[in-house]
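Presented below is the structure to which this report refers.
In order of appearance the chains are A, B, C, D, E and F, and numbering begins at 1 in each one.
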Amino acid sequence: MSKFDVVTFGETMIRLSPPGHGRLEAVDTLDFRTGGSESNTAIALARLGRQVAWWSKLPNNPLGRKIATQVGRWGVDTSHVIWTPHGRAGVYFIELGVMPRRHEVYYDRADSAASTLSPSEVDWSHLEQARHLHLTGITSALSAGCAASVARAAQEARAKGLSVSFDTNYRRKLWPPGQAKSVISSVLPSVNLLFCPRDDADIVFGVKGTSARIARHLQQTFGVPAVVVTGSPDGVAAVDGERDLHSRNIRAMEVDRIGSGDAGNAGIIHGFLDGDLATGLRYGSAMAALKLTVPGDELIVTKQEIEAVMNCAAGGVQR
Amino acid sequence: MSKFDVVTFGETMIRLSPPGHGRLEAVDTLDFRTGGSESNTAIALARLGRQVAWWSKLPNNPLGRKIATQVGRWGVDTSHVIWTPHGRAGVYFIELGVMPRRHEVYYDRADSAASTLSPSEVDWSHLEQARHLHLTGITSALSAGCAASVARAAQEARAKGLSVSFDTNYRRKLWPPGQAKSVISSVLPSVNLLFCPRDDADIVFGVKGTSARIARHLQQTFGVPAVVVTGSPDGVAAVDGERDLHSRNIRAMEVDRIGSGDAGNAGIIHGFLDGDLATGLRYGSAMAALKLTVPGDELIVTKQEIEAVMNCAAGGVQR
Amino acid sequence: MSKFDVVTFGETMIRLSPPGHGRLEAVDTLDFRTGGSESNTAIALARLGRQVAWWSKLPNNPLGRKIATQVGRWGVDTSHVIWTPHGRAGVYFIELGVMPRRHEVYYDRADSAASTLSPSEVDWSHLEQARHLHLTGITSALSAGCAASVARAAQEARAKGLSVSFDTNYRRKLWPPGQAKSVISSVLPSVNLLFCPRDDADIVFGVKGTSARIARHLQQTFGVPAVVVTGSPDGVAAVDGERDLHSRNIRAMEVDRIGSGDAGNAGIIHGFLDGDLATGLRYGSAMAALKLTVPGDELIVTKQEIEAVMNCAAGGVQR
Amino acid sequence: MSKFDVVTFGETMIRLSPPGHGRLEAVDTLDFRTGGSESNTAIALARLGRQVAWWSKLPNNPLGRKIATQVGRWGVDTSHVIWTPHGRAGVYFIELGVMPRRHEVYYDRADSAASTLSPSEVDWSHLEQARHLHLTGITSALSAGCAASVARAAQEARAKGLSVSFDTNYRRKLWPPGQAKSVISSVLPSVNLLFCPRDDADIVFGVKGTSARIARHLQQTFGVPAVVVTGSPDGVAAVDGERDLHSRNIRAMEVDRIGSGDAGNAGIIHGFLDGDLATGLRYGSAMAALKLTVPGDELIVTKQEIEAVMNCAAGGVQR
Amino acid sequence: MSKFDVVTFGETMIRLSPPGHGRLEAVDTLDFRTGGSESNTAIALARLGRQVAWWSKLPNNPLGRKIATQVGRWGVDTSHVIWTPHGRAGVYFIELGVMPRRHEVYYDRADSAASTLSPSEVDWSHLEQARHLHLTGITSALSAGCAASVARAAQEARAKGLSVSFDTNYRRKLWPPGQAKSVISSVLPSVNLLFCPRDDADIVFGVKGTSARIARHLQQTFGVPAVVVTGSPDGVAAVDGERDLHSRNIRAMEVDRIGSGDAGNAGIIHGFLDGDLATGLRYGSAMAALKLTVPGDELIVTKQEIEAVMNCAAGGVQR
Amino acid sequence: MSKFDVVTFGETMIRLSPPGHGRLEAVDTLDFRTGGSESNTAIALARLGRQVAWWSKLPNNPLGRKIATQVGRWGVDTSHVIWTPHGRAGVYFIELGVMPRRHEVYYDRADSAASTLSPSEVDWSHLEQARHLHLTGITSALSAGCAASVARAAQEARAKGLSVSFDTNYRRKLWPPGQAKSVISSVLPSVNLLFCPRDDADIVFGVKGTSARIARHLQQTFGVPAVVVTGSPDGVAAVDGERDLHSRNIRAMEVDRIGSGDAGNAGIIHGFLDGDLATGLRYGSAMAALKLTVPGDELIVTKQEIEAVMNCAAGGVQR
């Protein structure tokens, strides 16, 4: 039996944000958290009871240690993190806006330790301890070494019998669409489950239409067995082999939207691991909605709370 | 003339809650307040200018003293609190959710000093100073001694010429419905004014239907002259002898819903004391709505603010 | 070329408010900010890249210095502030309510240094450095000396070739409508651009009807070339010579509404300075909407953010 | 038997201070408390179990109500406060310095409701409910009406059989020494127990020397039976009829020194009420020392904690 | 090779304390942390690079989960925690005083899940994964089941070849000295390394004198090979077989003294594990001193910082 | 007459620090300030009433703007800041320790916009507006371009008739001693007033002995007319031409020591500008002491407060 249900890697950053809806120029304290797409998904999977490992490359200073302890705090194994005396911790600043003021994200992640990762410094045999590998395009975007590491990870995983999921997670502040398309396309042959936000489909792959059509199109183009298209107000559409699947978004009041997609992915992977992508979509919708209500990148809820939302038992005071 | 318009007793707890919409597992500071159904109602009545006394049994430690000073701070007489070197202060933790995440309440009130109350340690002659006694089913649920104290209080009050109000306030985490029904039913013969949330009517008494029907049904079943049914999105329905009364809910943005029912009760009792339950319902609706907008259990508003809401003069900035 | 695009003066106060939606009676910390209609407009104009000066009369103590440094911090010139060893800093307390609880403002500004201003202590020749003077009725309301200073400022400005804008900004806690009408009317002959909230038109001038009709009526009555009527749910209506202009309100979630009108005025003056009041109205609508989303009196946003809202590019996360 | 052991009156202000050792010009939140010499002493006496009443004249707004509820919260009767729709609440700003930076106090108390007090609006018959009246020179300094009220209060008290204590409490920001000497001297014939800080003895009465000599001198000059001289690093010296008394200061780490003298006075009055000024001095030294360790103006400790310090059982962790 | 250097178990509680030096009765927020003697020592050992496991019995609610995640966050293995749906999380309130005001601890730990532990529910075979077991008298004091579990743990450990350390850690609020003596004495035959504060030696065992004499006396009385006597202003004295050892206290400014003894123990155990108790004492002194400077129960420092203090390289700014 | 008394340039960073004495790994909010040696000195000079300009190269993002507005807020001219769309804002994290825990500074300033400064992008003619230029070795350490800019600035200043001061301000985390010696030595021929901490004299120049001897030695070696040696517990020693000067340190309780040297430099430059270095040393000692008592890098005090400390009028409460 595998030690870990899911293993993932990527860059988790220091997250600095003004309290409430304040502006960076005006406030004099900041909320001091951490977050990254892959660790967000890892933590959400751990809340569902999954055994999960996350690794990365971190600087051996208080900021690097903070990132590791924050991820480890929620029950995710961090024992394979690569520690380095060089480089810095990536940082992102975020201002949480409300309509019509947008959320503003300022990345300060150049030359981070994570971005210096190269495939040769990883002991790929650790993947044998796991059933599934989760990756995102953000990591591929960080550097050539990171892109190579993502590609190598996917190949190693498949060779060792793991299934592989991948979220395109396009970030225009990190790389241009053409480069994203080229790099991601080279990874997809090793991918079993592809997550693609609607906007990414358009910007990176030039694919438009209903989410269901996009899913089918990506499945055919890249030969990925299961494709999930997220980011539509109508909900999530998926194609799993021959089956078309759909899950509605659950209405939620937004406290902090960062990590909502990552939480949704966790729910979907949870179902995928049980061979039931349809149930996974339902978990995903509940988890993405719940994440909107929780401050920070991480989905700090219980499995019971998730299932209560799936079963519509929301609202009211429990006492 | 009576010294107090209203006297009430029950357990007021320490209330600990994460700031904003945080989770207990994740935050490192807590808002530190106090609250309890009876003292909440007492405070709201004091804001209306009523002379009110609240008593309870409290441990003689900083937490017990905090409870007494927080209630006393808002002008409620606490001179008859029974102090004990034994027992603890009841505590409740609450996480304020937003849709679809529920509010979660965690009671840590077992073996509280208040739950050790017995009728024999109370000097019931103090009731002679008051016109009206207010009770709730929460106190009855705490222990046999508390239940006996509630029953005794109701009898003593009626014997001394006070009117008595009672809110069923069913809490599933405290007792089963059958026990609640039995204990509450034995108190109702002494009650002049019964508050019953719609859900309680169903769960405790097995009564469904429109709020108006429920009110009428409870009036007939238990012989309580006035019955108020709360907790419906349509508003509050009441029956006062032969008259059917109704008050619409007032739309409000929710900051903190805890204590909204208690504040509404205060408004209704306020009218009841003046022999005008219809006006009481109007006060109650305004006060329940206003409570939703105020952090904490207590309704910290002025009588003018309440009456402004009753008279629809809401919205805008006063300057 | 002028050193300043806009110069303005008035009273900026210390602003004390409970965090969140707390009540003054209950909280034990206060947010400590500053704000005043004219400096709010000045700061918003500086965010658009305009060169702006604000002056006032301030006590030479930490509160007076705080007011000057807070205004100066956002790039507004404060070098002509008149410092006095006498008098106090005006203070206002504000409780931010949510429906149905109103915002409550408590002025504690009597005998402020600003209210002791008299025309004779001002060196009016400084106006020659500017293109435009902005005034409000709040300053006129503070004292006879202030009213005389406002009137004198308008005359001096016109004599020196500046254009003049004036916002009636009626405050019922400061003066009665009749006095406001009389004092304001005497200033209007020197005004090129009048801002009048719908409610002020009714209360002060007894003018009702659609905003467009009110604007036209005020233009004709007072001979002011351009009149802007604000404060309608339908948006802002203006008349500029022969042209009727209109700008819709932009939907926004309210974090802090104080200063929204002042921010809107800044946008309109920005257009007026370019001879394009229509574009000014569009800036104004975006700026008034954005101000609702920013804590405090001041509009701390970038010109790019304003223009993004004007161009409907709102919503979402930028990363 | 008297209802109150001690009654006192004076101005209690809103107290606003930067958190920690911040500067008003730099911080953006303020600690929001209340404090005044007489209510500080009243609260400290209530902590010792004394029945105490404090009254004042307060504006009927949230700040006035806050002052009353803050004093009442600690068990001091406030039922005789005179409420007025006019005037303002006095405010003081304080910056807590550390060596060599001084504490800086900025009074903003001109035209406070309390300063408009006149003897004619007081129902002096209430004094009959009490055994002892405590007064301070701060109140005398506020206005002619306040000075007259203090003088009248002392006379009424003596006529009704109460004993009277008075603390000179000279504040150079409120009145000049000559006026203080004249006004205070006229009250002293009615005083049984005089508190005089060493510095006040010098500045107001021109008396120098050891504290013991000063006490003796003031006793003889003004014919006050008991005189306590505070404010010396050597401790407190007193003369009680023929007896010379002395109490050493207790070493303490300073968290907040405001109210330390008021707390010390409470201990001394406590002993005086029992006819044991020597024990009172020991209470006073412990209470003055403990006040230094507690944030805010008020001495929030238990009688047991005070007596533990008197008995040298300080230090360590109790668990 | 063993998986863990040290394993320990005991009760870790929720820790609630007023910010700064505030009083529970007066503040309205609390710092929300966790702490317990054994987990404090475990965390300090993990900071030194030791592999450490801590287990306990915790309620499956947010407070129980918080305790586990806070301990796990610092790299301590918590996988053998026993989760139960019953019972509560122990809580302690602490007020941090400054001289002459004592720290006040209020335990609210009765009926905690941890206190219901019995030897039969533990899988003692897990001890085989470790080299050393650390215990304290606090756990023995909680209940008969806990005392039996401590005794059993010590026996099982020795039978499996582990060394055992034990800190008497007497708490007068938990049990009387006679009972402590009897229970602890029965455990000592299995103990290799005894920690005994000077005060405990006196109160529990009736042993006085210099720390060195006490250590020698306890060694002889109980046949424990190594005894460390802490809690003297002169420093720590120990006897290790025939050798007398001593380490001076390191002067420190106190930020939070809770857990200082636990941190010191960790340093001593660290040396003990390497067969070098003398070096352990030096680590212990540095760690106990550093703990005084860090808020909360846990010693959050690096090994480098500890060794810098051991090597006197303290003070100054590193930049 | 010159527009500015002093002009300075250098890198001002974002400063992030845990509240109180917390650790980065443990806290979840950070104090968010700015600071840099040159702007610290500029702000302190502005508090003395000097006209001061500071410039730098800043990224045009919220962090860059925050730095500019924080410096500008305290009355320092920032109109010559060079804005760039490239690069990042330098950041430093600081943990404020207490004995024996050191302050720990973590620089995250690589590739900052400021470090990309080159002499060719500066309009050196602006120096003509000033009387004096202040520089530090920190700026020289940032990059070759910065070192060249510092050297060029000193030459341009002297050519234009300004006097020049220079603080070696050696930072071992930025450059090795040999490089520092070489670069700094090449600037000194243009310097009129050299500040050199004792430790720098040893590490960079290999000069030891009393501060007075060091000052004399540096004066002779480098031909700098006036040399001030700081950083000794005995106080500051200086040589001004033929005169030996000395100023004792003023005892202070430390709240935040960062910027104390910069504040002291400001006082010394203030005297130097008046041709009275002796008085400058006295200002410097008072300002360095006061800075220790103020949170943040900046000396937010008044000239009166500084002079009160110079005149020993410290301690006590002013009211």
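Here is the rule we go by: contacts are C-beta pairs under 8 Å (C-beta built on N, C-alpha and C of every residue); 3 or more make two chains touch, one makes a residue touch a chain.
Since we're looking at a predicted model, the values are computed, not measured.
S.K.: Treat each pair of touching chains as one step and give the shortest count from subunit B to subunit E.
M.R.: Minimal hop count between subunit B and subunit E: 1.
S.K.: Same residues or different residues: which describes how subunit A and subunit C meet, taking over half shared numbers as same?
M.R.: Different, since under half the interface numbering is common to both chains.
S.K.: Find the geometric centre of each of subunit A and subunit D from their Cα atoms only, then give the gap between the two centres in Å, rounded to an integer.
M.R.: 62
S.K.: Between subunit A and subunit E, what is the separation of their C-alpha centroids in Å?
M.R.: Subunit A and subunit E have C-alpha centres separated by 40 Å.
S.K.: State, to the nearest whole Å, the distance from the C-alpha centre of subunit A to the C-alpha centre of subunit F.
M.R.: Comparing mean C-alpha positions, subunit F is 45 Å from subunit A.
S.K.: Using the touch definition from the top, which residues of subunit A touch two or more other chains?
M.R.: As it turns out, subunit A has residues touching two or more other chains at 23, 25, 28, 69, 104.
S.K.: For a test of understanding, state which residues of subunit B touch subunit C in their complex under the given definition.
M.R.: 250-253, 255, 286, 289-290, 293-296, 298, 300-301, 305, 308-309, 314-319
S.K.: Using the touch definition from the top, list the residues of subunit E that touch subunit D in their complex.
M.R.: 20-23, 25-26, 92, 97-105, 107, 171-173, 257-258
S.K.: Note which residues of subunit E are touching subunit B in the complex, please.
M.R.: Subunit E residues touching subunit B: 16, 19, 23-25, 27-33, 61-63, 65-66, 69, 88-89, 91, 93, 95, 104, 106, 108, 110-111.
S.K.: Flag every residue of subunit C that touches subunit F in the complex, lowest number first.
M.R.: Interface residues on the subunit C side: 69-70, 72-75.
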